[in-house]
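Next come two complexes, and both contain chain A; in the first it sits with chain B, in the second with chain C.
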Partner chain A sequence: MDKSLHVIFMYGLTQLGFIFFFYSGDIIASTSEGHWLAIIIGLVLNGAMVWLYMKGLGYFPQQDIISIYTGLGKGAAVLFLLPLIFFLFITNIITIRAFSEAITLIFLANTPLWAIMALIIIISGYIALNGVESIFRTGVLLAILFLPVILFTICISFQNVDFRYFFPIMDEKLTFLTKPPYWHSFSAFAGSFLFLGFIQPYVAYRPRIVMITVAALVPFYFISVYVPLFTFGQSTASTFKFPFIVLMSTIHINWLMFDRITMFLLLCLVTFTMLFISMVLWKLSQVLHRCLPKVKSSYFVIVIAAVNFIGCLFITNWDEIQSLIMWNTMLRFYVLVGIPCSIWLIGIRSRRMIKDEGA
Partner chain B sequence: MDSLIQEIKDSLGNNDDFFLQQYTIGEARLLLMGFISLIDLTKSKEALYDNMHNWKLEANTVTSMMDAAGEVIDLDLEKAIMLLMDGKLILFFERECRFVVAEPVPSLLNRAIESPTNENVLQGAISSFIEDIDTNLGMVRKQVVSRHIKVKNLLAGSSHKKKLSVIYDDSKADIKLVTKMIKQLESSSDHEINNLQHVTRALGLSAWSSVPKFNTTELPAEAAAALGKGRVILFVDRMPFALILPNLIWDMFTLENDRNFPLPLMISIRVLRVIGVLTTLIAPGLYVALVAVNPEVLRIELALTIAQSREGVPYPAIVEMIFMLIILELIIEASTRLPKSIGPTITMVGGIILGQAVVTAKLVSNLLIIILAATTISNSTVVGFQNSLAIRLFKYVIVIMSAMYGVLGLLAGLVLICAYFSSLNTFGISYLNINMKKGEARNG
Partner chain C sequence: MRALKLLIAAMLVMVLSGCWDNIDINHRVLPVVMGVSKHDGNYLIYLQIPEQVQNSTQIKIVKGTGSTINHAVDLISANLEDRVDLLHIKVIVLDKKYAEEGLEDTISDFMRGRDVSPKTLVTICDEDMDAFFSSVRKKMGPKGTTLYDFFEKNAGWNPQIALTRVWEVYRSIHSYTRDVAIPIIRSGDTTVVQHVGSAVIKEGRMVSQISSEETLLFNAFQRESTQGKIEVMNHASVLVIGNSLAVHTRMDGGNPVLRSKLKLKVVIMETKDHPTSDMIMKELNESLTHQFNQMFAKLQESEADILGIGQYFRRQIPRSELKEWRTTFYPKLKLELQVQTIIENTGFLELK
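This part shows the complex of A and B:
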């Protein structure tokens, strides 16, 4: 049965979580002018990779990337999957830790960090335990409940914009390409589309619709970067860790009984991120389950969640998160570029082999 | 054959409502057997006599009599007892040594078809199901006149026999699902079925799910609509409602009767129910979160008003909330337990306590009363009492999480409930499906 709707909601929600949270800050920090170029380069790379990935997966109907890689032989599987496992682990830890940090900063100053991290992990773990189809259904329900809130906050975020901040238009030297924050900005893309390769045996979807979703998300990248810029200007905006979230704090609506709209934006993003984390937990459990088929994959979910939690506890401050993100850069580009390309190449190879055999 | 009569006498004779009478019609000498409590004997005899009378002129009188009276069969003890228990009249023709099972005039043990007691209908058919399974089947047949409606009768229980009927529309329902269900019921035919928990277990479903696995309805119109949507209906004898399988989330918000209104009104009514459910879930949690953990989210004026109204309340918001919610649950429970004549007293006393006295005594804040009222009222907008119970339970999860994590806890609670809903499935059909599509049931 076609479950494209579930898939695109999943993809859209996890992307939104990253866009408004990390992406805007990274892009604003990476360049002082011509942000659009930085965004477009990222988006084009992302679009191309998603397309390539799905193209490659199309050669292997009903197979996930684990079986595609193991089809190449054990050595190759380890070579390709080991970095992936590390990447997913580190991404999970970073995401949980960073979101918990933001939550404490913004509105739960008295709650200990470990309690917030425990909450996020337990709920994500519970979602992941119920299996992949359940994750998707949860995604649809969350989209119905919280997407309107997100769209509403995005609409009102334009309250204080000044379009003159659009200038200067061009950064001719493309200095941002060498800046670490720009590399970090790719974490918004990497990892979000990976699940497409894991769900093939369980959930059917149409690649065309996924590509349309990728295109439909483009405005959000621009909004997340440009609205804070238009409101604060580059020099102010670049001092914030989470520009879009700070921006929402400045919005004032007369008829709303709430004073801090930030909270709703942030919390909705947190729920989307829980979904993302549960998806990562599930992906990890799938990979590990394939290595040790005797152990039930639900045990892996619990163990991975526990390890993630312990990992988060070891990170004591924001600088450590930053350095972890830094270490993750190599892996991130491997996942963003290496995996789609390798899947595509393996796909082409296998097709050629089938053709040769046929001849 | 006389030995069988003796056996029947031995095993049933110590029941005072069991009768074994000699009776003569024309040339035939009969023994009548049955339960006086299940059979209207006088009328049955009369009917028997009338029936026989018509056939008197035939050549072989007794044989035609036997054919006319009912089904001529060979019996053993087990079968005979089953038939007698089922309210059948057994005739034994002494000379011919043959048993005839006749359909007697039953004594009236069912109530008449009345309007529903647990569901209200506005502008719609108001007859509701009764305890008798055959009447219920008939009502469904009357409602949906279609040759696609199929009925499968089953018998469950080892010592207490209970009749079950599975009804489905073979052009709409997923036949795989139906066969899976029937097979499951047949395989667990030794389970006693006296209540819905037993039915759940007999169907091989988890009895621990907080959301009921079947949607119950008292209305033939709703049942008929469910058949049209490809659902399967299960009737259990002595239960005055239809069990619609599987139960889906959208059933919480829709009634077939809504379609008797113009489309825009129907949509608004349904939106109202969705808002009702969300209010029930969110309102108490939001109060606790905003008062106890995140007051800064509110406008300063509002935050001050709330703080003022809580002045003098000696405990945290969570205790206040749980305390009042439990009193409210007690009122609801009490008013269902009490006879109808005393019920209003409870409502009145409860109203006074909740409305005024508690606030004046500074035990809880004004605002809390408003929240409580909103919660209780909106909880009742859900379709189906069993669904409103589930929602009532879930709001506590959110209240407790809100007390711990504030607004984050509120949203996390919602996520948790969403995840729980997504994890539910009945025979492989997810609780969250809007429509039952064919081919959806997999490896359940």
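This part shows the complex of A and C:
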């Protein structure tokens, strides 16, 4: 059965969580003028990689990327999958930790961090335990419940904009390419599209619709960066850790009975991120299950969740999260560029082999 | 097994609710107005707290001193029977002397902390804070929101009052091309507060002051609606019902030049000595242009760009030079304002 709708909701929601939390801050920190160029470079790379990834996967109908890599032989599988496992693991820890930090910063000041992290990981783990179908069903439910809220908050975020902050337009030297915050901004892309390669045996989807989703998400990247810029200006916006969240707390609406609209945005984004975390847990459990087929994959979910939680407890402050994100840079680019390209190349090679055999 | 699962789920609800060390609403005090003043390096904090006393609300003013704002609030909280919660502060009243020293630390702390919302209104008090708050307590109505309503757009706000929030002051501290005006108030003779004018804030420090008439022009220049303001002249008084602004900028060999046209739509309210409509228009144009030029000269001298004129030049000046907007370009700026009045109607009577 075609489940493209489930797939694109999943893809869109997990992206939104990252866009409004981290992406805007990273881009604003990486350059002081001409942000649009920085955004476009990232988006083009992302679009090309998603396309390449799906093109490569198209050569192997009904196979996930684990079996594609293991098809090459054991050595190759370890070579390709081991960095992936590390990446997913570290990403999960960073995401859980950073989001719980943000939650304490913004509203749960008295709640200890471990309790928030436990909340996030238990709920995500529970969703992941029920398998990939339940993750997708949750995605659709969250989309119906929260997408209207997100769209509403985005609309009203334009309240205090001053479009003249768009100038100056160009950063001629492209200095942002060498700045670490710019590399970090790619974490919004990496990891989000990977699941397309894991779900092939379970869920059918049309690549064309996924590409349309990629295009439909483009405005959100610009909004997340430019609305804070238009409101505060670069030199003010760069002093904020989460520019878009601060922006939301400056919105003043008389007729709305709620005083702090930030809360709506934040809670929606947290649920989206829980979805992302459960997806990562499921992906990890799939890879590990393939290595040790005797153990049930649900046990892996529990073990991984527990290890992630312990890992999170070891991070004591925001700087450590930052340095962890820094270490993850290499792996991030491997996942963003290496995996789609390798899948594509393997796909081409296998097709040639089939052709040769046929001839 | 099923029962066990349910039990675990129920226990998780207890642990994961997020209600940690929660203090119930009846054990919190929620101040509406906070006054900040500084004496000999110590902060003096005033909190105006509405209190429920048998079906009616009374206003309590509490005062505390500390080396930081949080320290002072903490001391107040320790001395009160309830916990002080700054989440619902609507107006921050700053001492004028303190504003002249510079607000950067205070405003940055408000932005950093999660307690005080960035959209809280900021005002400056022109008199001794003790006197101000004791007068406010005597005169304020039972709801305790008078100070807030005074600035609320759908309540008591008037177009000659500048409306500035914490985040805008914060932006003024960091932005290259943008400053703000903060309304100045003092306790009134018969009313709770009296509007005096606006403080001109440059990079978080009060450098000058403009009158409420000038604030109206400032608001009109911000494209803020000046609807409802009555303008009195020698021959007539008119009601402003609409305003629009057109701006044209150019660089004249390194000197910024800004030409602007302010269109005012007015309705005639009163006349003296049978003026013609041309006379009224001419008089209004001249008096407003004169007033504006006077205000602008004052602003230029203080190097505070509260009109946000630098914003219009972001396209012409590269960012590296924009940094020096306030010191290099702004004093050289030539501003030509043309006021154009349109008399929309003259009421039921014709002008002769």
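Keep this in mind: the second predicted complex is superposed on the first by the 359 of 359 C-alpha atoms of A that agree within 3 Å, B and C clash if a C-alpha of one lies under 4 Å from a C-alpha of the other, contacts with A are read in each partner's own complex, and residues count from 1 in each chain.
Note that a residue touches a chain if its C-beta (ideal position, glycine included) is under 8 Å from a C-beta of that chain, and two chains touch if they have at least 3 such contacts.
All figures in this text were calculated on a predicted structure; none of them were measured in a lab.
After overlaying the two complexes on the shared chain, residue contacts for A:268 are found with chain B alone; chain C is out of touch. Once the two complexes are laid over each other on the shared chain, residue contacts for A:302 go to neither chain B nor chain C. Contact with chain C, but none with chain B, is seen for A:235 once the two complexes are overlaid on the shared chain.
Of the two partner chains, chain B and chain C are each touched by A:260.
By the touch criterion stated above, A:164 is placed in contact with chain C alone, chain B being left untouched.
With both structures placed on the common chain, the touch criterion links A:113 to neither chain B nor chain C.
In the superposed pair of complexes, A:246 makes contact with chain C only, with no contact to chain B. Looking at the shared chain after the overlay, A:85 reaches neither chain B nor chain C. The contact surfaces that chain B and chain C form on chain A in the two complexes overlap at residues 107-108, 111, 115-116, 119, 259-260.
Chain contact summary for the complex, chain C toward chain A: residues 12, 15-16, 18-22, 88, 111, 114, 117-119, 152-154, 165, 167, 170-171, 173-178, 308, 311-312, 314-315, 318-319, 322. Those residues of chain A lying in contact with chain C across their complex are 32-33, 105-112, 115-116, 118-119, 122, 162, 164-168, 232-236, 239, 246, 249-252, 254, 259-260. Those residues of chain B lying in contact with chain A across their complex are 293-294, 296-300, 302, 404-409, 411-412, 414-416, 418-419, 421-423, 430, 432, 437, 439-440.
Chain A contributes residues 1, 103, 107-108, 111, 115-116, 119-120, 123, 126-127, 130-131, 133-138, 140-142, 145-146, 257-260, 263, 267-268, 270-271, 274 to its touches with chain B in the complex.
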